[in-house]
Each structure stands twice: as structure tokens, then as C-alpha cells.
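Have a look at this one.
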């Protein structure tokens, strides 16, 4: 119901404003205390902007005085906090962005003091590591937009990864591996769809069954067949890096975006394609209608079941591509449980991105950033045990799911089986 | 999950009840059977003889009649127990393996009763094990009557706290417990990695804890190498307690109400937040007890990968047991026997134990979609109430 | 005069119920056929068959004299049949254009949606029939009356000339009903034929050219509106003489039980749906809250019963503030709540009846000693209540979900009335019930009033409000427009208030 103009600025709104403002102030203070006090006064942080072996034009390194930088970040956070307390900002997204930005930058400045750190390398690694997360998120988006929950993405990716590497090794052709990985993803998703739509199995239960089965089957095949016949089954090589002419010459952006392998490029293309599909085509309109109000779609002659089948299978194929990334797009061999929870993180990215492809991509990049940060920081040998850094993506996921960083609204019929 | 009707006074109802009960049992039994048949096909496909493999499985779970006879004869002839013990070793090992499954299955089942999907049993298990181990090796000079319960309690508490966190997040923010409990699992693994290679590491190179002191060990009934200990009976006792709690108390009534219809529960004055937190606390505690029982009764130390597989197994067990403590015990025994035998199957017939996961995944599907079993075996359906467990991503 | 639509011998069986039994219906071209019947008579099933959502077990459908086979909505649409559903089939987060074009989307180059084309056509239809709908508005922002017009546009966009209107006035104010009738008039004048499904007798008499009455899945008879009256129609609908008026003594109100002052409540989407409401309910009287559904009544009741938090204002029960009290505290202070959504809030359908009978008091003696439940008192309590309130059930051990709507409501009433109460809040107490159950529930409500309880009845059925209430408060857009004496109130006066129109002379705000 449309609210009239007589809306009271309620206690809850005020409380939210204050809590956000205070949080920002506290973060600013923490930045000063944790990073400011632990940084040498004359330390310089060197951020390398070039990537060796890249086509891009060379650019001098970015050198920043650490302490000064940390102070600037602290002040920025405090200022934002004060502004929020005084005036309040409509779009909380900005505030979260500032919060994350100041904290991360301050952290980097502290961690890199008197050391050198490849910034471009990290950004490039971000895009690459985000890839499986994006694909998992896209799988979730297309499936849930038609109201079918699929938490079995992890299992699908494992099975697809293994399929990719085996078929690629045996045939000697990476594209064969890619094909079969996508096929496997589609098949497993088809099974999920069948169980969930035809038998009305609880969607979470079916997903968990897929995860259990996937983990078990891949481990079984791995120990039974692959460990003894490594060269014949588990040695596929990987897709080579392709430089896009002209664009790859751009400093910083070039190596990050335009010097990647096929799967990464496909991913970016898929994000755009899915966005167009969902919002500008009849197929997308019907999918969204089926996800929001399936009965309405049904009364207009749309086949709800068919829409769901197709969307879930398409999602499975995308997840299959994601699985292929782990093996033929990354290390060229299969290890048990190598997906390491990326399937679930993809779901968190989907939620954070509000169930739309571009949002999912941005959130996945954030996760990819956290992931690659933790790897690079181990190289820097900062005094935090690596295990805690490894925990960071999971903790961030949990924080996001609480919805304090904006409440995302899923498609209205999400998770509910359709009864005619 | 489905609730069984309470017994009715007239005779006609009794008949209905027994046939309903037999239907309730029939589907899970057939599901497991079909799963095993599929497993046999997989074994065949990987080039082994399924009969030989299942023979090894059976021998590994129960022992062989030959060994038993030999053992009895030897005992009556010479008074020596060695052969007899060897004969009952497989059977007791199966019970030992089943013990943590009972606890973990109860953990997931309790969650299901409240509409919560506790996939975090594995992380709660590990944390519980670590806490138990810590209490077990770091407190010296206490008599067993104090030390042992303390160690058990420590494990339960550790798991309980680990479970309570996602429970609170769900209650307060509506954050979906499926993803959160999985995240807690991964966090637990990393945390334990650090603890086992750092603060809790015993001397030596391997990332394991010290052994717990003798006063914190669950008493065993037979000499080495048999490991059958008090933990099994504690598990049965706890199963009964969970049954009493769920079906005979007001708290249990609330929990089941919240699981069946949270809106009506709220209307009736029940506190949903408190119930979610309580259930996840208890469920975490039960999974923690599983870890406890494993450390204090069996291994006496904790190492990496200690909790591997228990979480997912627990889900299969809870589903198979229809979230009822009696069913969970039966299902846990089944899996205990299967897993125990599977290690023999791996060493003798060279079938990786992961085949149990494959069978599990299949069995879960059959339980969740009983129509498949009904179609396969041409059974007529009674009026089924297959509840939807999840309601999407949040409030 | 051609028969544009004929249904012959339509029969449809569901497990345990014969929903339609050899039904024959005739719709004359350019006329309005009213299909009358109470809840559960089979009207919706019949229309779903006509629209292709169900397949009949027997019977045939003839459009303009030719037999047709309708396998799904697409076939019905192809035959020119269009349905305006009672519960709108509109996607709230999409625009009018997107909802209208769903399923038959025109495209550029076969790939991209052509929304402009559809918007243009929507404006044309809107102008032609006086519908005043903005194609780019989001459904969730539109008031209910306009949403209904979007449903009508959907149907006209697909070139329907046989329109089925399923309980179209259920969600409209009397003034909006007038508006709808004007639109129907325009539709008829442009050659459409209409089937009008309803259970409201007065509307039928106002609008219909032909009337067919259904009862328990069968056609009871057809009658000419000129020869019919409310009494005759009611008797046909129910099969016996129906008392349309609730017998009650005049009220004897005493002190206030409930005092609400300046209350503000947000709904689940954080919109302020109750905006500064004040009223009181006295002992021994019934205060009826009238208003079209969606004007804040639901949220008001939830706030009073502790199911929603409040933003501002005060709620006093017998002098004590309950504004921040939990549902349990409110219950214990003597408030009974018959909820609007009985299956969502009132019962746990998968639990046995005896558990539902003690759903609110399970933790108290004698049902529990400490935390231990006592089965014997639980069972005997349920036995007694089932007998006392005549709940039709084989025994108390079956699940509540197996009961019919009326019996489920009786369980709720039995439970709520079995504890001592000072205030009864009944929200849409007879929605979806058959006439027998409606009579029973009304009797029980008046009985409680006569026992000295304060009663608050919220209903979107104006007749029910007029029948039960001693005073009537009208809610519109989250505010109380006026509180009037039920004995002197007229439907027109109430209708104006329900549409947000304050009378020009002084309002009787108590």
C-alpha cells in the first residue's frame, strides 16, 4: 500500500542512522589505533602496477607514505560517520563502500609498509579467483529467478571439474573437456530439477544429496582410478592466456581484464548476456514472473514447469563451466574437494547482489578480492596466522547474510514447489 | 517432518496404526536396499566383484560365524579369550563407529523438528572434540568421577556454542542457517588447523593434540584392541532423553510447533527467537557430544580431519530416521555397521570408502522422494505428508 | 438472441468431493449472467474448468453453438474467454505493461521486448472503457481498485468477448463498486458478454440479466431477477429459510476494556499502515471495524495481539499498557484472538486436534506439570470442547488439516473461548465459511458480548459488521475516519467513509 505523506521519522529509522554513524566512527578509531599506531612514521608502501610478462605499457610504481595514508583513511571514516550522525544518507550502499574501502586501504598500507606489493597482480588475481564464484552465483541467479533453490552447486562443480579433466586428458583436447563439463553440469541440474519439480522433494534436501553424492563420487573415482593413472587421466593442461590486442596494452586495466583465459572471458560475457536475457527478453520476463507469481504466469498460458526445468538446467550448465575452471582453467588436475566452498560463497554473492547478474558479479569480485588478498598477504608474512586470513571470506559471508548490509529480497515464490 | 498420530482407543484405529507404521518402516528399508544394490552396480563398474566386496563388508561389520565358533571353542577348551575377542571385534567396532552417529544424527534430527537444517554438525563435532580433548589433557590430578564428566561437558558446550551462533543469526536476522552452518564448518576447520599446528599441538611433528589423561577416558569393556566403551550406552541414554524432551515436555512441544508452523507458534505466544537459539544450542551440543565420545572413548587424541564425513552422514541418518530418536538410533546403527565394514572392504576388495557417500546420497534422494521407491516396487501410497523443510532465504 | 456460451453436464470430482455435478449453464450474448452460490458451492471450480485450469471429468463446452475443447488457458483465450480472478494474478514487482504482455510479448527482431507497443495499446483500451490506468506504474504501488482494472485490461488486450468476473466486488468500497458497474455497462454496450460470480445477493439483483444458483456442486435453478428477491435467492443458495439478521438484544456497555490512542504500526514491508488510530472498546459491546481489506486493519489487529511491533502510541488493556507486551502476556491478560488467516496463525494443521485445543495454554496446569506434559487432561479437554462446540471430526487424534474450514474455525473458537477472556478480537471470522458456520460463529460472538466481554470485530463484509456491531469504526488508509452508532448508520454513509470521504457536517468521532 502506498504510504501517505504523513510518515513519521520513526524510532527505528533514527536508530539505524545512529548505529551506522557510530559504526563508522568506531571503524575510523580502530583504523587509527590498529594501523596508525603500528606503522612506522617514515615507512613507505610500494604498490607495483606492472605485471611481468604482460603486454601492457610500463608504468612507475605507486609509492605511498603509509602513516599518512592510514591517517587519511581514519579521517575519512570518521568524517563519514559524523556526517551520517548529523544528516543521514539515503543510500546505505555508499556507507558500506566507504567503510570497506577505508578499512582495506588502511590495512594494506599497514601491511605493505617498507615492503613491495603487486597491486595489479592482486587485482588480476581478484578477477581470476572471482570467476568460479561468479559462475556459481549466476547459476543460482537463473535458477532462483524461476523460484528453484539450488544449494548443490558445490557438488555440481566438483563433478564437472573432474569430468573436465578426465575427458580433456583422455582426448588431449581442452575443448572436449569444456564440453563435457558443461554437459555434466546440465545433467546433474536436470536431475535436481526433476526431483524438485516432479516429486516435490524439498529443494534443500535434494541439493544436499547432490553435494554428498558429488563429494563421494569424485573422491571415489579420484582414489580408485586417478591416483594410479595420473598421466592418463589427470593431466590435462590448462587453457592458455589470451591477450586481447590493443586493450591489453592499457596499464593496470589491461593485464587485469584483457589478459585472461577463455573461461574468464566467457564468464564476463555470460554476466552481460544473462542480464540482457533476464530484463530485456520475453524469456526473462516469463522467468521472473514464474519466480514471483507462478500462478499468474500459469493463468496466462505459460508452462511453469517447463520454464523451471530449462532455467535450472541452464544454471547447471553454467555451474559446469565453473567446475571446469578449477581444473582445465586453473591447475590442470583434479584434487579431492578442490572447490573449497566456492559454490556456497557464490550463493552468498547472489544474495548480496540481490539476485541479479551484475550485482552478483560485483559481489563476487569482492569475494575474489578477499580470497586473493589472503594469498598475497601470506607472501608478505604479516604477523597474522594464515588460517585466520583463510577464514575471512567465510566470516564475511556470514556478515552479509545477516542483512545488516542491506536487506535483499528474493523472488517471491523462491523455494516453493508449484502446485497446479 | 512427518508426525505419527498418537494411539487411538478403538480397535479399528489400532489396525490402521500398525499398517501405517509398517509403511513408515518399509520405505526406508527399501531405500537402503536399493541404495546397496546401486552400490553393487558401482562396484561392478569399477571392475570388482560385488559379492566379494559385500562379503568383505559383512565380515568387517559383523565378523564371520567361523571366527565366532572358533573363539567359543577356544574359550571353553583353554579358557583363553584371545580368539573370542577377535571374533567379536568387528561387531563391537561397528557399535563404536555407530556411537558418534547416534549423537550427530540426533543433532540434525532435533534441528529438523524445529524447521532448522543443521549442516554444521561436522564443525560442531570438531570443536566439541577439541574442547573435550583440551579438558582431557590439561586438567591433571582429578579423579575420574569428576574429570570424565567435565571433559564430556566441555565437548558438549563447545559444540553448543558453535551451533548457537548460526542459530542466533537465524533467529535475529533471518539469515539462512544452511549457508551459515556451512560457513561455520569451514571456519571450524581453519581454526582447528591453527590450533592443531600451534597452541594445542603436542610435541612432535604431527599436528595432533596430546593424549587425554586416563582419568578422562571413557571406560572400555574389553581389553585392547577392542574399543567398545561406555559412550555407546551414553548415546542410547541421550537418545531416550531427546525423545522424552521432544514429545513429553512443553519445551519439546514448542520446538515441534515452531517447526510445523512458526506463524501459529508466534500467535500462540511461543518465542521463536528463543526456540531457534535453544534448538541450535542443543543440536550443537549433541554434535559436540559426538566429538566428545569419539575423543574420550576411541582415539584419545584429536588430529586433522577428525570430523571428516560425520556431518553429511548425520544428515542422511536424520532423514532416514525420520527425525525421530528411535529411527535415528536404528539409522545410526546401520551406518555405523556400513562404515565399519567399509574399511575392510577398502583394504580387502580395494573399494574406496567413498562408496558409502555415494550410497548415502542416493538413499537421501529415495527418502526425500518416496514416490520413486513406491514406483520401483509398486507400492500404493498412503496419504503422505512430505513437509517442506525450508522456506526460502529468510523471513 | 444467440447463446454465446453453453456448458452441458459439466462434472468434476476431486478426492472425496464432487465439486461439480452435471452442471448446465447458458450465457446469452451481450448479457450478464450472475452465478450465485455460497462458499464451497462449486462456482470457482466451474469457472476454472471454463478457463482451462482444470479438465472436467464429463460434459462439454459450446462457444457460439460449436463444441470446443479447452486444454489450457491458451485455448480459452483463443476462444475469446477471459477471466478476471478474485485473487489478482498480477506480479507486484512488475509494471502494468509487463503484466499485460506476459505470455504474448511482442518483440523487436524477435529477441528484445517491445514495451512501447504494448503501452500504447494499454492506453487505447484504457481510454475506450474509461479505466484510467497508467501503463508504467508498478502493481505494488497501485490501489486495489486500479489493480482490478489492470486485470480487466489484461483480458481485453487478448480480445476477450466473454468475460468471467470472479467475486469482483470482494475488495471494493461501495463507491468503487459503482465504478465497476459503470465499466461493466460500457463493456456490455460494446458487445461483450459477462459471467458474474458472487455470493452477494444485492449486487446480483442490481446487475444481472439472468441468475443461476449453485449449491453443493449442483445447479439449483435459474431465475429472472425481476421475480427474485434477497430472501428467495438466499433460500435457493442454502436450501432452507435463512435468517439474514442476527438476533440480538441491545447492548449494555460498561467501562472500557481496551483503549487505543494514537497508534502507529508498520507492516512487514516497513510501510506505515496504521497512522494515528484511536478508539476504545467497552465491556459488553461489539465494536466493528469496517473497511476494505488493506487499509491497515490487519496490522492493527497484529499490533493489538503482539504479533507486530508498534512505532508510537499507546494500547491499554484494563488500564495496563500492553503495547510492548509479548503475545503470551497479552494472552494471559485475557485477550482472545480469532485470527484472520486461520491456517497460518490459528492452527497447526499437521498436529492433532487435541494439541491444537491447548495450543495457547499447553504450559499451564493441568496440561503440564513443570515442563512435563500430561496427556490425560489434554485428551479430556479436547473431548469436551469438541462435544460442546459440535466440531465434526471422527476423533480428537486426527490432524487439524483434515477438518473443513468451518470446523477448523470452530476449533479455534472453542480453544479461545475455553479460557477466561476480557477482550475478544475476531478478524474476518467467517471468511470462506458456509452459511451454517457463519450463523454459529455470529451467535457465539454475541454470546460473549452478552457475558460482558469487550468484542472487536474486523471484517471487510459490511453486512457482517452491520449485523454484529453496536458501534462501527471505519478504517481508511490507516486511519479511523469516524466511529458511528450501528443502529443509525447507513450503508451509504459507511461506504463514503470507507472510500475516505468525510461527511461535510460534523463527524461522530467518539
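Just so it is clear, A, B and C label the chains in written order, and each chain counts residues from 1 on its own.
Throughout what follows, a contact is a pair of C-beta atoms (placed from the backbone, for glycine too) under 8 Å apart; a residue touches a chain by one contact, two chains touch by 3 or more.
Here the structure is a predicted model, which is why all the values come from computation and not from measurement.
Pairs A-B and B-C differ in how many C-beta pairs touch across them, and the larger number is found at A-B.
Most remote chain with respect to chain B, judged by CA-atom centres, is C. One finds 45 Å separating the Cα centroids of chain A and chain C.
Rounded to a whole number, the gap between the C-alpha centres of chain A and chain B is 33 angstrom. The distance from the centre of chain B to the centre of chain C, each centre being the mean of the chain's C-alpha atoms, comes to 48 Å. Annotation for chain B: residues touching 2 or more other chains are 387. The multi-chain contact residues of chain A, meaning those touching 2 or more other chains, do not exist; every residue touches at most one other chain.
Listing the residues of chain C that touch chain B in their complex gives 305, 307, 326-329, 331-332, 337, 339, 341, 344-352, 354-355, 359-360, 362-363, 368, 371-373, 395, 397-399.
The residues of chain B lying in touch with chain C in their complex are 3, 5-8, 13, 248-251, 253, 256-257, 260-261, 263-271, 385, 387.
Listing the residues of chain A that touch chain B in their complex gives 149, 151, 195, 199-206, 208-217, 219-220, 223-225, 340-341, 344, 347-348, 351, 385, 387-388, 390-391, 394-395, 397-398, 401-404, 410, 414-417.
The residues of chain C lying in touch with chain A in their complex are 51, 53, 72-74, 77, 83, 85, 88-94, 98-99, 101-105, 107, 111-113, 141, 143, 154, 264, 266-267, 271-273, 275-276, 294-296, 311-312, 477-478.
Taken together, the chain A residues at the contact with chain C in this complex read 1-4, 6-8, 10-12, 280-282, 285-286, 288-289, 292-293, 295-302, 412, 420.
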